[in-house]
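Each of the two complexes below includes chain A, the first together with chain B, the second together with chain C.
And now, the complex of A and B:
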């Protein structure tokens, strides 16, 4: 038990969850066919907002995290109106530029402590540990120490959040809004001719993506206790994009699988950690050449459904 | 007088794609628009549905001025269209394509969709039933397949079903018979008449003269961006200018 629950594995588990949340955020903007590379920027807005609110204004963490999300969504609404007039590559370049602007702003502001970043951000784990202790679990429970217990709780909270976001995405894809997203993705002109307010739905997807990225950033801040502008640079943008490229962006499962694999990869290949960005680059090129739809696509799902369905039939017959 | 075009024109840079086209479509018409390739027929549809704005002129639908409105608003008012080069949503199933057409007739947003409230479920069910009825009406059975797996003629019919899901008063059909064989065209003519009998007004662009002359009660002929004739099929067939546009001028 102690082997599995060592802090190192628990931390990787938390990063996987954070990255899965980021994967859902890029999935939602891609659902309308918009390639937005501003997610690292929105993430940093969420992270800094939540960190500053708790550090300087004494806000409780559970309030500061959603406010971080709303701050990112508010900024996305302001830049969304002009940016969403752009299509394809132009939107990608504009949002990439936006991300860099945000980073440079945080790098130069006094309140964000410039390049040094913010440290000593209240940690979710420690807060939960305190709460558990005061609730009478100061000796731990079921053979787990308080520290393990609080780390496991953080992981569980993150897992619940990911499960909720998957549930949200699946429900969305089966309702009127999801059909509008899908229609805009394939053919914007035809979608508008069928009565869909394309500007509204593109902005909605952009906003949802930014909100979720902001929440992910805020959560990350309260798990690592330290954030700096370097955490949200161009490399982070590429990493988030890779979740969707590797896993596939047509189904919500794709970016989640991509996030899981890519978070585990550097840990498995510790020795090759200096070459991380090179490995990412190689993955990007290989995927584009051999499987541009990503690891999971609708066909993959249909294939496995048919296969498992047949096996069940076979079991029943034999 | 359900749809009126008044002196409508469109310039693309220096090119006059359409100039001063006026006509009136009446309730219950099957109004045909014919003319040689590149005459500006599809441009006319794109102006009515505001894919791009006219350079000048006015378009009114049931007394409402359409110029300046966004495409989705025009659709919501009750004008639906199909496309010359089929534009289905290939990532959605046949049934979902038709349900997208019902978008403006539905209300549920993100919140109701997420929690599947009773109102949302009810609306969704009604839309699904209606979409099934429409698919049955146009004769498509494979409703759970992805739309691009349908045969070509079926895809054209799916576009019509999707447009009907808008519950339009006016249906704009852009070359509905293109690529169809004779028996398919025959079925299509029957379908278009049935849609008219449902109380819809139809404006169609078509090259198939057999279809046009048989089902349209009125026609407008466009050539080089100008309307050169308007009238009943019999009038048009006797019009010397039209014959010249199609067959060329006889040398004296």
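And now, the complex of A and C:
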């Protein structure tokens, strides 16, 4: 038990969850066919808002994290309204530029401590540990120490969040809003002709993506207790994009698989961590050349469903 | 003070124009944004630096060498990242993503090979300063302005008057029609990408001379600025790229001179976000080329 629950593995588990949340955030904007490269920017807005609220204004963490998400969503509404008139490449470049502007602003503001970043952000694990101790679990529970217990509960909270987001996205794709997203992705002009308010739905997807990215950023801030402008640069954007490209952006499972694989890659392959960016670049190029739809697409799912279904039938018959 | 800053701005801007021309050429012919352009620019700067400091060649020879390496990288880029996508119908975002892949690949290769620290050109051109009226202009600046404007003029003439230039413009208009009319469009596309990359590499040497610093991350920031100019001037518009670069250069230098020096890198993007909202087709773009691509 101690072997599995060592802090290192738990930490990786938390990063996988955070990255999966980021994967969902880019999936939601891609669901309308919009490529937004501003997710790192929204993430940093969420992270800084939440960190500053807890550090300077004394907000409790559980309030500060959603406020971080709302701050990111509010900013995305301001830039999204005009930006979504832009299509395809223009939107990608404008949002990329937005991310750069946000980074430069955070780098220069006094309250964000410039290039040094913010440190000593209240950590979720320690807060939960304190809560557990005061609740009478200061000796731990079931052979686990308080520290392990609090780390496991943070991981559980994140897992529940990811499961909720997956459930939300799956439900979304089967309701009116999700169908509108799919229609816009397939053909925007046709969707508009069918009476779908494309601006509204595109803005909605953009807002949702920004909100989730902001929450992910806030969570990341409270897990690593340090954030700096360097954490949210162009490379982070590329990383988030890669989750969707590797896993596939047609189904919500794709970005989650992508996030899991890519977070584990540098940990499993120690030698790979030195060449991480090189490997990322190579993956992007090969995926686009050979499998632009990503690892998981509708066909993959149908194939496995059919295969597993047949085996069950086979088992029943024999 | 004003005139001096104007000269500095124009010098900087002319290198931006050269970078943006590479984006514009590829955008015009292939309808894609080549996100790896900045990294090719950076490799050009390093090639020039190595030629000038280790082989002690003339700065113009160094530029030529950089241009050769840049074109070669461009040809490889076209083979690896663009041609496989052209063969089948993929979403228009695919080339963008695949060139982003090439860009971060090249950047991390440069970090491994050249090291992360910034390196300087040998001081062969420095020292000479001419005074014209209220402003001082250094020999380096003269070389930069001459090379940048010379190349832009040659490019304009070449596109307008020669047969290959005509074929290039025809391919930009419509690849299929040009192919039917007997233009070897594949060759033209390779030529465009290598030409754009060669120009970018020369700009790399010029920027390395301007700031006297060459580092692996310079491709990123310059690439983003080139993109800003691309949008500022209008996508695929050559005049737009030239003037857009100059405008951005002057705007940046003035923002540094009159206050917000640390926001210098945000100027470019503040400008394009503004432009995109006010005039999405860019300053020089035609009305029918609005962001609807």
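Here is the rule we use: the second predicted complex is superposed on the first by the 318 of 318 C-alpha atoms of A that agree within 3 Å, B and C clash if a C-alpha of one lies under 4 Å from a C-alpha of the other, contacts with A are read in each partner's own complex, and residues count from 1 in each chain.
Everything below uses one rule, namely that a contact is a pair of C-beta atoms (placed from the backbone, for glycine too) under 8 Å apart; a residue touches a chain by one contact, two chains touch by 3 or more.
Note that this is a predicted model, so its numbers are computed, not measured.
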item: Touching partner for A:100 - first (chain B), second (chain C), both, neither; value: second
item: Which of chain B and chain C A:123 touches, first, second, both or neither; value: neither
item: Which superposed partner A:147 touches (first chain B, second chain C, both, neither); value: neither
item: Contacts of A:260 with chain B and chain C, given as first, second, both or neither; value: neither
item: Superposed model, chain A: greater residue contact from chain B or chain C; value: C
item: Which of chain B and chain C A:11 touches, first, second, both or neither; value: neither
item: Which superposed partner A:186 touches (first chain B, second chain C, both, neither); value: first
item: Touching partner for A:133 - first (chain B), second (chain C), both, neither; value: neither
item: Which superposed partner A:85 touches (first chain B, second chain C, both, neither); value: second
item: First (chain B), second (chain C), both or neither touched by A:204; value: first
item: Residues of chain A defined as touching chain B within the complex; value: 168, 171-172, 174-180, 182-183, 185-187, 189-198, 204, 208, 250, 298
item: Complex contacts: residues of chain A adjacent to chain C; value: 35, 79, 82-83, 85-90, 92-94, 96-98, 100-101, 104-105, 107-108, 234-235, 238, 241, 245, 275-278, 280-285, 288-290, 292
item: Residue ranges of chain C in contact with chain A within the complex; value: 32-33, 80-81, 84-85, 90-98, 100-109, 111-112, 220, 224, 227-228, 230-231, 235, 262-263, 265-266, 268-270, 272-273, 276-277, 280, 291-293
item: In the complex with chain A, residue positions of chain B that touch it; value: 49, 51, 70-72, 75-76, 80-81, 83, 87-92, 96, 99-101, 103-104, 106, 108-110, 112-114, 116, 120, 123-124, 162-163, 166
